[in-house]
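Following are the structures in question.
One chain, subunit A, appears in both complexes that follow, with subunit B as partner in the first and subunit C in the second.
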Partner chain A sequence: MAIAAEPTIIRPVGAQTTGTREWTKSVGLIAGLVVLGGLLLMGWFLPLRYGPNALGTGKVLQGPSAQHWFGTNQVGQDVFARTIRAASTDLPLALEGTALATIVGVVGGLAVSTRSRASEWVMRGLDAFQALPLLIVTIALVVISNNSLTMVAIAISLVSGPFYIRLVRSQALALRESRFVEASRAAGTGSFRLMIRHMIPNLRALIFTQTANTAAVALLVVAALSFLGVGTVPPTASWGSMIKDGSEQLVTGQWWDAAFPGIALFLCIFSFNLVADGLRARLARSRALEPE
Partner chain B sequence: MKIRDPRLVLIARRLAVIPLSLLLVVIISFLLVALIPQSTAQAIAGQGASKEAVIAINRKLGLNQPLLTQLGNYLDRLVHGNLGTSYYSDKPVASDMLSHVPATLELILPALALGMLIGIGLGTLGAYRSGKLADRGVRMGGSIIQATPEFLLGLLLLYVLFFRLHWLPAPTGQLGIAYVNPPYHTGLLVVDAIIAGQWSTLGDVLVHLVLPVLTIALPLAAVLARITRAVVGKALVADHIAYGRAIGLKERRLIRYALIDSRTSLMTFCATLFAGLVGGDVIVESVFNWNGVGQWAISAMTNLDVPAIQGFVLFSGIVTLCVYIALDVAAVTLDPRIRLGHSS
Partner chain C sequence: MTEHLLEVANLSVGYSGQVGAPAVEDFNLCLDRRVRLGLVGESGSGKSSIIKSILGLIRPPHTVNAKRIYLDGVGDLATMTPAQMRAVRARDIGYIGQNPFGALHPVVSVARQFEGFLSDHGSWKGRNSLSEVGTLLSNLGIGDPTRVLGAHAGELSGGMAQRVAIALASLLSPSLLIADEPTTALDVTVQRQVLDLIAQPRKVSEQALLLVTHDLSVVAQYCDEVVVLQLGQVVERGPVASVFTEPQHPYTKKLLSSVPGAAPVLEAGADQGGGVAARSVRFRRERILASDAPASSTTPVMVIEHVDKTFRRAGTSVAAVCDVSLSIGRGETVALVGESGSGKSTLGRIATMLERPDAGRVALEGRDIHNLSSRNLRGLRPKMQIVFQEPYQSLNPQLKARNAVSEPLGNLRPKLSKTDIDDRVRDAFVMAGLNPDKGTRYPHQLSGGEQQRVGIARAVVTRPSFVVLDEPTSSLDLTVRAAIVDQLQKLQEELGMSYLFISHDLATAQQIADRIVVMYKGSIVESGPAWKVLTEPLHPYTQTLSEACLDPDPRVAPRPRQQPVLVGDLVPGACPYLQRCLRSSDQCKSAPKLADPVEHRRVACFHPLDATSVSAAPPQALPSLDELLVTQDPTV
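Now for the complex of A and B:
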């Protein structure tokens, strides 16, 4: 068996200098990161005129005004303060869940990336698991754990972990058969070192992209759970529960209570998707420069 | 001896895994709820119930037995077709749950049909006009809808179409307050209203369907359009399409060939989406006060009604497995590539 050289990334001269065209292609990626980072920083640090949980900061259910930019809700809380502050609960929670799902996906996916009988069994087990109504399962888990936020993060990894495992496995299976992995193994590299040195670096495009996709799903799960009244529950400000409360006023015309957290939520999910697409495009380009 | 129909072999292999998958679904649904700490009995008895009352409930429900015994009892009941009795309503779980299924079916079947129509239609358009305005428009619209959580979309539609424009009725469930359910035949209100000849009721049922159906169908359409765009786009650049164009076949015909080429993949995605919906769309049902299985499951959840939650998880799991099996059979029948073992 021919021993191939370590995969080196060959970059054409001048590839490092990012031209204007490269920039415009990454606009979505940068815009997404700016929106997410901005919202998170504002959630943490923006000084607010009213406390997010302060009651009766003005008349109840007032529309947007100079005093209350986003209006007030049915107990007179400032919707602006709550919408901004909610970013500091919802986004970190979604990111925690994403981190957990990524660990589950990458470790699990690599662990079953063999054609052995055991991995086949694990995959069949995953089939059965994915046949379950996962949103209901997560709701049950979160309710049972008495709205523990750790459980919300675990729930996210249950919802998006199996799909992640599948993706990593399918690429890792192909990768394992590539020449350089074979060569490295023939040269006596242990399986742990093989994972760290060869598998994970070569799966990075998939991992980065899928992590951003998972973050969008995670935020959706966080919001859906609190919309249904589990997970982050009032008085803590969270976009899902704010939309839920606001939805009761919507049919009588007070739209602001649901609309502003809704816009924030939409912006975040859209941004995560932009980041995922941007990463995919960027990494696909750098991949094209690698030798086959 | 050599005349083994590969189709049958494939289906048989699939069927062979079912008992195993079923058992796994059962065990997961059991374990899920067995995780509930001692507080179940406390929750049922209510806050401030006496210790004796809690112990009595524990004994009555068998919660004080070892986990394996509980699992054994559970399996034993299941084998006899008994999903248990609700802790709350004291009604059998199976019939209670099944009585909510028609409402959910009435919601998801039209939603799936509409979503497929829009999604596959626009996706094909995007693939055919690749890179053109139509393609970019469809993709842009799709990514906006995909970033909108279902409850937000539902509320937006509700605000615009009900509150602003008054085109559609308030979210009071399947019927307006002024109407009563038609006599029960199938449980599907549309069908029951037709059987009873109550045309104004039928009209009311239909207008109440529009908002929730749209709320489910639009995200489905967005997902399907993206997938169709990719699958049909690939099929359209195949050699046989180029050949067909060269010998002067009509474009309409070429698109049809590309769709036939893609139908197995599209069917797979549709079935996956359908399987995700059969458990009831919890969120949409909750936004529109739809009294389907999803709502039923949510209330079971908040009440910690263990047998009901288990029954629901089991029900959705089984239906999903059935959908996948039906899909495999259909795929093998429709796609000669799979039948002849050429699939990757």
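Now for the complex of A and C:
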């Protein structure tokens, strides 16, 4: 049988363009990952001159100096040591919460991605849930659980999960009604295989990007809780509680106790957002649902 | 230099970021007054780029280079500033685009748009202008101009909106009218009405027409001269009569042979070998003559009986399919024809059980399938397949072509071995006319035709007995269309499948089908052998459809067109076609049943036509734009 000779048009999409342009697109992504990874590794492994909880390492409330790079706080602890060490408690906690929120979001979002009555009810339930003052609910939960860190992770998934579910559901609904899913149903593919083969690969870009966004929110939740004195509480070093303690000295001019953990927090959230944007740019070419 | 109205010299258009040859290279054109010129080419031929550069709509970073784009009485458009070009576009060049809704503002009433347009160009004279616009609209065949002027774009039908766009484009009597695929987005029955308005021969006015189209039949019937483009270069130009009867360039010949032609011409041309289309028509005809009756003697592969389907959403309900019965024999092709909203796609989805009917029976190879559970249905799916209209959307962008085709095999029980699957995927690629090496490509790396071939390979890989083809060619280029139709017919001969071919176009349907079933508003209005339905329609609606088929031979005059009747609301219980019918009587207030006035043919009409009345109908047409321009000039 003759093979019809039709010209193949290879459309210029990202996958084909390589070289310098590809690199510049990913600068933000790489920078974000380097900052986050660096902070996490330093938090775990950087040998510190002073222990983060060591008292009386010098005088109290000293400004930044060669000895104490970030100064000391009101009980004389080294702010540099605490800021670095806090990365190893705050970041993993935020990432655990993010992982939980992602599982809730993806599984939940796919589960309710039908136009059935049941999933409509679930969505209305989510509406009601989101109307609750979630931060107060999470504070209550963490306090009741006696500051359990697992409960902090659960709190994060409660704050970020509903939005995640909504997002996955909206795109999954569109995918379910797409022609290629219909073609696959017509080919006799069962719903589980349909999910694995057609839905999830086309949701990948959304999931990656949203996970990075959620991580930024999660870190804020961790910091907010510890600022309010729940979750990670002193003596464990945590950015939120450090900012809280330091903020009391701000009026008297000792800025460093609050500023350095604040900068660290800002850097991390900014990096998570850089990663989210970078992933969006890189994965946009997966062309899920993109019309011709 | 002034004898031509428009002169384009050495025009080149390049798009930034585009690799390879420029979109248009060294294009030259001379257009005289009164001349209707057809610019023909497939997608990527550069026809849109040419008109966009004449209109000054291509902006940096894209580049337009031309020695001159001279419009008589205006000057060299190539040297004009964007502000000057805006005035030119309003006053000297009228532009009608493909999508009429794109030309109309969605949240501003039609009257206000005319007002804005006229006052921008200093011609607004209040109430007087508005009444003149109303007269123009009613001359363009709009029965109720006051209502249309008060309406917003979303409230208009496609045909109405295009008429409004034509009125906007011709309001200031431009000396050049540019129409870019003006009928492609419209229903077939409206196409000719619109073409009659803008492309009648110029008797009175001096306006020239530049008509961009992929449809050669339109050029044959409505243009004086033609320019054929391929990949940004002119391959042939000349008077329509000579180019169409004696094409010189091989590409023109290929294009002409790809037209799904109306019957009489192909009959005449069949002896010379014809093209793909002619060959398939002849093949069909031989088969029909040989069997005489439609292949109904054996057990039908697909039976649809008294099927109903109503869609309900947000309180309103739409009866998409009502009481439709249909059977398709082994190896038979039945074409389902109708305009958009006729329920033809819904019926195709019911036949493959992608949609469950509200009532009625669907049976595949004698076995009822309408009441099966989804699980039991999955086992039968390999026997019935569907090919969709949109080739790109029907492929998962994340899956390689090979994996898309192998998917149906993975659902077969007992499971096939990996080598079996590979072999059968390879076979399917070859059967669909695709090189198996292309299996490693992703959908976006394939051309439209190749994408559709992947869709076909996926449909035939399980060797189904029944395939629904839902407008499989309508989004493809003309030459690709012909090749796909040819491939589908070869496949049918090889595998003995039955096809339900869904189409909005009688000519294409007639080319591939043994039998044609015409649907209107969810009901079957006529069915019969493909041959007869097109040439001797019985139902007035089929007649409208067959009139919409233009002949690709400029020597054959178009079939006379009936005065269009405007669509009103559906009367419950009455004949669905009542509102548009010229032959209606009091009897038509009750719904007609399908009857067989002639052997093998059925029609749902109290006043069916007979073959002679078709040609006897007197030609009645509205005044053309050409005549209107002289009598109607709101700026004066």
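Some notes on this structure:
Assume the second predicted complex is superposed on the first by the 268 of 292 C-alpha atoms of A that agree within 3 Å, B and C clash if a C-alpha of one lies under 4 Å from a C-alpha of the other, contacts with A are read in each partner's own complex, and residues count from 1 in each chain.
Criterion: a contact is a pair of C-beta atoms (placed from the backbone, for glycine too) under 8 Å apart; a residue touches a chain by one contact, two chains touch by 3 or more.
As the structure is a computational prediction, the values presented were derived from the model and not from experiment.
Within the superposed three-chain model, A:143 lies in touch with subunit B and out of touch with subunit C [touch as defined at top]. Shared-chain residue A:190: touches subunit C; no touch with subunit B. Touch criterion met: A:251 reaches subunit B, while subunit C stays clear of it. When the shared chain is aligned, subunit C comes close enough to touch A:201, but subunit B does not.
By the touch criterion stated above, A:180 is placed in contact with subunit C alone, subunit B being left untouched.
Contacts of subunit A with subunit B, set against its contacts with subunit C after fitting on chain A, share not one residue.
Residues of subunit C that touch subunit A in their complex: 17-19, 44, 352, 354, 378-379, 381-382, 384-386, 388, 390, 392-399, 404, 407-408, 410-411, 430-431, 433-435, 438, 444-447, 449-450, 453, 455, 458, 462, 480, 483, 487, 490.
Those residues of subunit B lying in contact with subunit A across their complex are 17, 20-22, 24-25, 28-29, 32-33, 35-37, 39, 143-144, 146-152, 155-156, 158-159, 162-163, 170-171, 275, 279, 282-283, 286-287, 297-298, 301-302, 304, 309, 312-313, 316-317, 320-321, 324.
Those residues of subunit A that touch subunit C in the shared complex are 1-4, 6-13, 178-180, 182-190, 193, 197-198, 201-202, 286-288, 290-292.
For subunit A in complex with subunit B, the residues that touch the partner chain are 124-125, 127-129, 131-133, 135-137, 139-141, 143-144, 146, 216, 220, 223-224, 227-229, 240, 243-244, 247, 250-253, 255, 258, 262, 265-266, 269-270, 273.
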